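Read through the structures below before going on.
Shared chain: chain A. Partners: chain B in the first complex, chain C in the second.
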Partner chain A sequence: MTRQKQEARNGYIFVSPWFIGFVLFLLYPLVASLCYSFCDYSVLKTPVFTGLDNFIRLFHDDVFWTCVKNTAYFCAIFLPASLVLSLGLAMLLNTKVWGMSIYRTIFYLPSLLPLVATACVFLWVFDSKGVVNSFLQMIHIHGPDWLASTAWSKITIILLSLWGVGNTMIIYLAGLQEVPQSLYEAAEIDGAKAWAKTKSVTLPMISPVILFNLIIGIVGSIQIFTIPYVMFPQGTPANSTYFYTEYLYDNAFKFHEMGYACAMGWILFVVTLLLTLVSLKISNKHVHYGGG
Partner chain B sequence: MVTEEPKTSPAPSAEPSEKRARTQRSGRAAAAAKLTATHIALIVLSVVFLIPFFWMLSTSFKTVKDAVADPPIWIPQIQQTVPTLASYPPLFQTTYQGRQVRGNIKSELPNGNTQVEIVQPDDLKGTVVDSPRAQLRQVAFDAPVVSGEFQHQKVTAIVLRELDDSRQQVQVIEPESLKGQQFTDLATNLKPVTHPGLQWKNYPDAFTYDSKSLGYIPFLYYFRNTIIICWLVVVGTVFSNALAAYAFARLRWRGREAFFVLTLATMMVPFPVVMVPLYGVFKALGWIGTFRPLWVPAFFGSAFNIFLLRQFFRGIPFELSEAATIDGANEWQLFWDILIPLAKPALAVVALFTFIACWTDFLGPLIYLSDQKTYTLSLGLASYQSRNGGTDWNLLMAASTIVVAPVVVLFFFTQKLFIRGIALTGLKG
Partner chain C sequence: MASPAQTSPPESLKATSSGVGSILKRAWSKSYVWVILIATVVGGVWAEKITWVPDYGKVTHVTYWEKWQDFERDAMMKVVDLYNSTEGKKKNIFVDFMPTADIQDKTIVATSGGTPPDIAGLEAVDVAAFADNGAIVKLDDYCKKYGIKGEDYIPVYWNMSVYKNHIYSVPTTPVTTALHYNVADFKAAGLDPDKPPQTFDDMDAIADKLTIKDARDVYTHFGFIPADPGWWNWCWGYWFGGKLWDGKSTITCNSPENIRAFEWLASYSKKYGPTKMTSFKGSFQFSSPQNPFIAGTEAMQLQGVWMYNFITKYNPSLSWRAVPFPHPADRPDLANATIADCDNLVIPVGAKHPDAAFDFMAFVERQPNMEMLCLGQRKFSPLVKVSDEFYKNHPNPYIKFYIQEARSKNAFSAPQMAIWNEYNKDLGTAFDEVTSLHKTPKEALDDVQQRTQQELDHYLMVDKARKEAGK
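And then the complex of A and B:
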């Protein structure tokens, strides 16, 4: 056997566990999911082909649309807010102030915590007798009923999700530290002020990182599950916190409508892909690759 | 905006020195102002980020009553007590099953024994035991201290007895002139005397919740299960991804580039899409209710880790492998004896991130585990919350702290690794 052939053979051997896993735990379920989405299926009985039935039913399902709206609302507010907040934190941390590693720990740590624990803590933080309303009371504001009012329940979830932006922040920080100092010096010689430096040097230089965080953010926030599931059982109050993945989960494992759940899954997949493609397309114009 | 002006303006050396000094001074002042503003912003934001931690810890050390007190109590308090023999009913000590127990006398039996209803320790509370009269010994009761008004004077007193009409019988301990006097008053008129202190009892209480009715300590099982699963997942992830990354980074085979792109593309598949058929696969294997659906897939690699390790493996000089090949090493030896030791920093990062992800996972255990004995910490905490939440906030916060603490401790020991890990993800590429 030639050296080249041997190397190729070894390559296939080394990659084979991954390939088997890929087929077993991803490719097969992905294809099966697509098939089931056209079937009436629960684990207990064999799938029956029903054509586009699931999708038509989804189209007329009010709860489905409520979940879509809730999820869209969450993403539309949380994504920009988290991208801006985490970039702001990262820029503050990138100024070489004293105690930087302490601040970094404080901002980063919440993102590592088990979401269930975070949810439990925030149930209490936002309780009508919790710390937030107590602070508001101190400045003579009667705090809203964060958890029980349809107007505030989603805001509560957004606020506590923002508590976990540390991960995004750290990725920004790594990107900021890669920006060559010489560019800032050059901008200063050209008389650039802080905002001009941010706009003309920082943002273009870290634009690939922004894109990365945006895509990770889309994929993550569209799937939000644990926090509303633990904090607001059954989407209380009045389905205002019933999110897409929760409804999918309920259809699959509570109502045993697995074909229906698969149809929802594929819609989620396609929407995620479309949003990612749109982000990539738009970013073509604005993202600056090169140097750095 | 960056202006064109500096190009046309005279060189700095041509400026009058006085003006230059002024610009420098104002520049320094501006820099100082900016630094102060940065510090203030960081401190304010830090406080906001720390409040949930503070609130969790503070509540976890409070009594139930203090937890929901209005206005809120920021620093946990414990009530002062004074030992007294005068309390009612009197407290007696005896032995039961070889343990020292304390309780109140319920009745005298004709055979000379006494029936005692146990008050302490907590796990025997309410049990009625027979005890020979001779064994009983009266002991001091830690009576709670309250402040109130008696004969138009502010007094400090100890509570001797709870009366049926929500009044309390108390005995004055201060001032000296009224010491020993007893009076009764509505419990609401008597304010508990407290001092800052931590009610540690919440932690064992939360940790051992339900253990009496279940016959085992659930949180102990949650810890054990989580550690078992995460350990297997970490081992599997590190090993399988190192193998795959080696194939992608160091070996040439047909279809490698295309397959690598495919590998990256798998990152775009949301878990909910494959959730249902995956459940079907594990059901067919008879794995539902076991840990296997949670750890077995880890032994087959995952795209993100392959990507991360491939970047690192490519940076290790190929000359090392070539030299070893000349010395007669086979591919496995190249991988195991040469590459793995050199790749330890990257493997540690993968292990750490995997461990955290596994420790905090919720959806996986929720789908595959059904018996409470097999729950992980996240799932266990969620079930604790759904059953006991909304009432005993102090215990829920103690339970949350128990779940959060290992992650925080791990972070403090591995901070450097985390920061290096972020750099390693090679965002530039």
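And then the complex of A and C:
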């Protein structure tokens, strides 16, 4: 056996644990879920091929559309808000102030907390007689019913989700620290003020990071699950917090409609893929890669 | 630059490294090593029969998953211990008791994966969906063998164990609901605590008297909040004589009785303001001192036999009573209606030791053991025969009343439907929409009717196709 072949064989052997795991735990479930999306399948009964029935039923399902609207509403508000807020925080935390490492730790800490624990604590914070409303009461504002009002329930989830922007912030911070100082110096020589420097140096230089956070944000926010699942069981009140992945989960494990849930899963995949591709296409003109 | 002392490993380490390296190199090059590695991985993955349970010799280990925690878990643990030390010991059966959260979901997943427990403690409302999916074993032959008969049980509980004329579960701890009211609140409002509301008209008038606002127009005390605790939003129509399903192919969600019930619910929102009621109730857990009834800020609440435990724990000085939930003034035939629910034991399909599992289940169903369990959980027995000792030792002063309610001809339970979980969820949504005054009762119930009828039609169509195809 030649050395090249030996190396190739060893290479295959070393990647085989990953490959076996990929085939068993990712590829097989993916292919199986695609097949089941065309079947009536409850996990325990033999799957029966029903063609496009699951997809047709989905498009006539009012609750499905409610979940789509709720998810779109969440993404439309949370995504831009989280991108702007985390970028703003990262810029503040990129300044040279005494004790900066402490501030960075404080702002990053919330994203380290388990989401279930966070949601449980925030049930108390956002309760009608909780911390937020007690504070509002002190300044003579009658706080809303954050958890039981259809008008405020989604806002509550968005506010709580924004509390955990630490991960996005830390990626921005890394990007900001990579911006060459010489560019700022050159801009200053040209007479640029703070806003001009941000617009013409910082944003173009960290545009690949913004794109990365945007795509990760799309994938993450479209799959919002844990916070509403813990804080608003079954999408209460009146399905106002019933999100796409929650309905998918309920169909799979509560309603014993795994085929229907698989169809939902594939629609979610296609929509996420399309949104990502559109983001990449639009970003072509606006993202500046180093040296490019 | 690093010094030579820092970069060169000691001689002994070098020798060891090269030794290991050479062994690995030789091993990689041998084809039999690959055969063994691949056979191990492939064999391990595909051999369905392989179990990693150690050899226990002659003793059969029965795995029992149960949802209970705290003192409810301890009560069943006592029965398990008794079995293991007596009958189990004689028969070489040992029950491994494992409290399990989200037991419904986990049992379904484990059953589909071929590794279910031998016994699972489900709620009665799950039995129909599990049986319909072929997830649990029919127990007709076992019940016959062990002499377990329907006539030994309070009918409403035994009926929950039967689906499509087959027995799929055996009852354990049952519950009924009733109107719980605060005696001190009645007295303070000048009401006679010996005259609790009998009809909904009575209840509305009393609730009105017991609802108090402060000078800032903020409610400080409520008479009754329909959404508290909000666990049985499917039940309201039953109090007014309604049904949710004809038992076959028709959903009856928008019947006049059900609409009347939801109109009664909406009347509370119109009278007191939907947001003011929900704000007052808050989102604190039922099991907490903030529960408005336990805290003494809500005079009447629909609750069950378990309420005694929580009042004793959080506010033992609370003076309370339990009476039948009211009925409409024009329907005296609906007096003593109550929600009956029950915990049940099932054997999932694919259980390794179904015979030994049922031996334990039959042990639990014996009168003394059942009473030990129900007394430990401070509930009542689902069996018709109850010993005097049980009543004597039971701490709940209303235990006979709850049993009496269970035996009422108007005791009702959730319909045994395969699509019940979806239906129940949609009724909860309708409840929210009506009590928040976003939809009229008719609009909300018409929506649920249409959606659930479609789901039922689809279910029946697929079920028929499956039967024809023999699947």
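Here is the rule we go by: the second predicted complex is superposed on the first by the 290 of 292 C-alpha atoms of A that agree within 3 Å, B and C clash if a C-alpha of one lies under 4 Å from a C-alpha of the other, contacts with A are read in each partner's own complex, and residues count from 1 in each chain.
Note that in this section a contact is a pair of C-beta atoms (placed from the backbone, for glycine too) under 8 Å apart; a residue touches a chain by one contact, two chains touch by 3 or more.
What you see is a predicted model; the values in this text were computed from it and never measured.
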{"item": "Clash or fit (per the criteria above) of chain B with chain C on chain A", "value": "clash"}
{"item": "Which superposed partner A:L273 touches (first chain B, second chain C, both, neither)", "value": "first"}
{"item": "Which superposed partner A:I20 touches (first chain B, second chain C, both, neither)", "value": "both"}
{"item": "Contacts of A:D145 with chain B and chain C, given as first, second, both or neither", "value": "second"}
{"item": "If touched residues of chain A are counted for chain B and for chain C, the larger one", "value": "B"}
{"item": "Touching partner for A:N239 - first (chain B), second (chain C), both, neither", "value": "second"}
{"item": "Set intersection of chain A contacts, chain C complex versus chain B complex", "value": "10, 13, 20, 24, 43, 123-124, 127, 129, 253"}
{"item": "Chain A contact footprint on chain B (complex, rising order)", "value": "1-3, 5-6, 34-35, 38-39, 41-42, 45-46, 49-52, 54-56, 59, 68, 70-72, 240-241, 243-244, 246-248, 251-254, 256, 259, 262-263, 266, 268-281, 283, 297, 299-301, 306, 331, 335, 356, 359-360, 362-363, 367, 377-379, 381-382, 385-386, 389-390, 393, 396-397, 399-400, 403-404, 407-408, 411, 415, 418-419, 422-423, 425, 427-428"}
{"item": "Sites on chain A touched by chain B in the complex", "value": "4, 6-15, 17-18, 20-22, 24-26, 28-30, 32-33, 36, 43, 89, 92-93, 95, 97, 99, 101, 103, 105-110, 112-125, 127, 129-131, 134, 137, 163, 170-171, 173-175, 178, 187, 189-192, 194, 196, 200, 208-209, 212, 219, 222-223, 225-226, 229-230, 233, 245, 248-249, 252-253, 258, 261-262, 264-266, 268-269, 272-273, 276, 292"}
{"item": "Residues on chain C engaged by chain A in the complex (per definition of touch)", "value": "28, 34, 41, 45, 104-105, 108-109, 111-112, 129, 133-135, 275, 278-284, 349, 418-419, 421-422, 425-426, 428-429, 432-433, 436, 438, 447, 451, 458, 462, 465-466, 469, 471"}
{"item": "Touching residues on chain A, where the partner in the complex is chain C", "value": "10, 13, 20, 24, 40, 42-46, 48, 50, 57, 62-63, 123-124, 126-129, 145, 147-150, 234-239, 250, 253-256"}
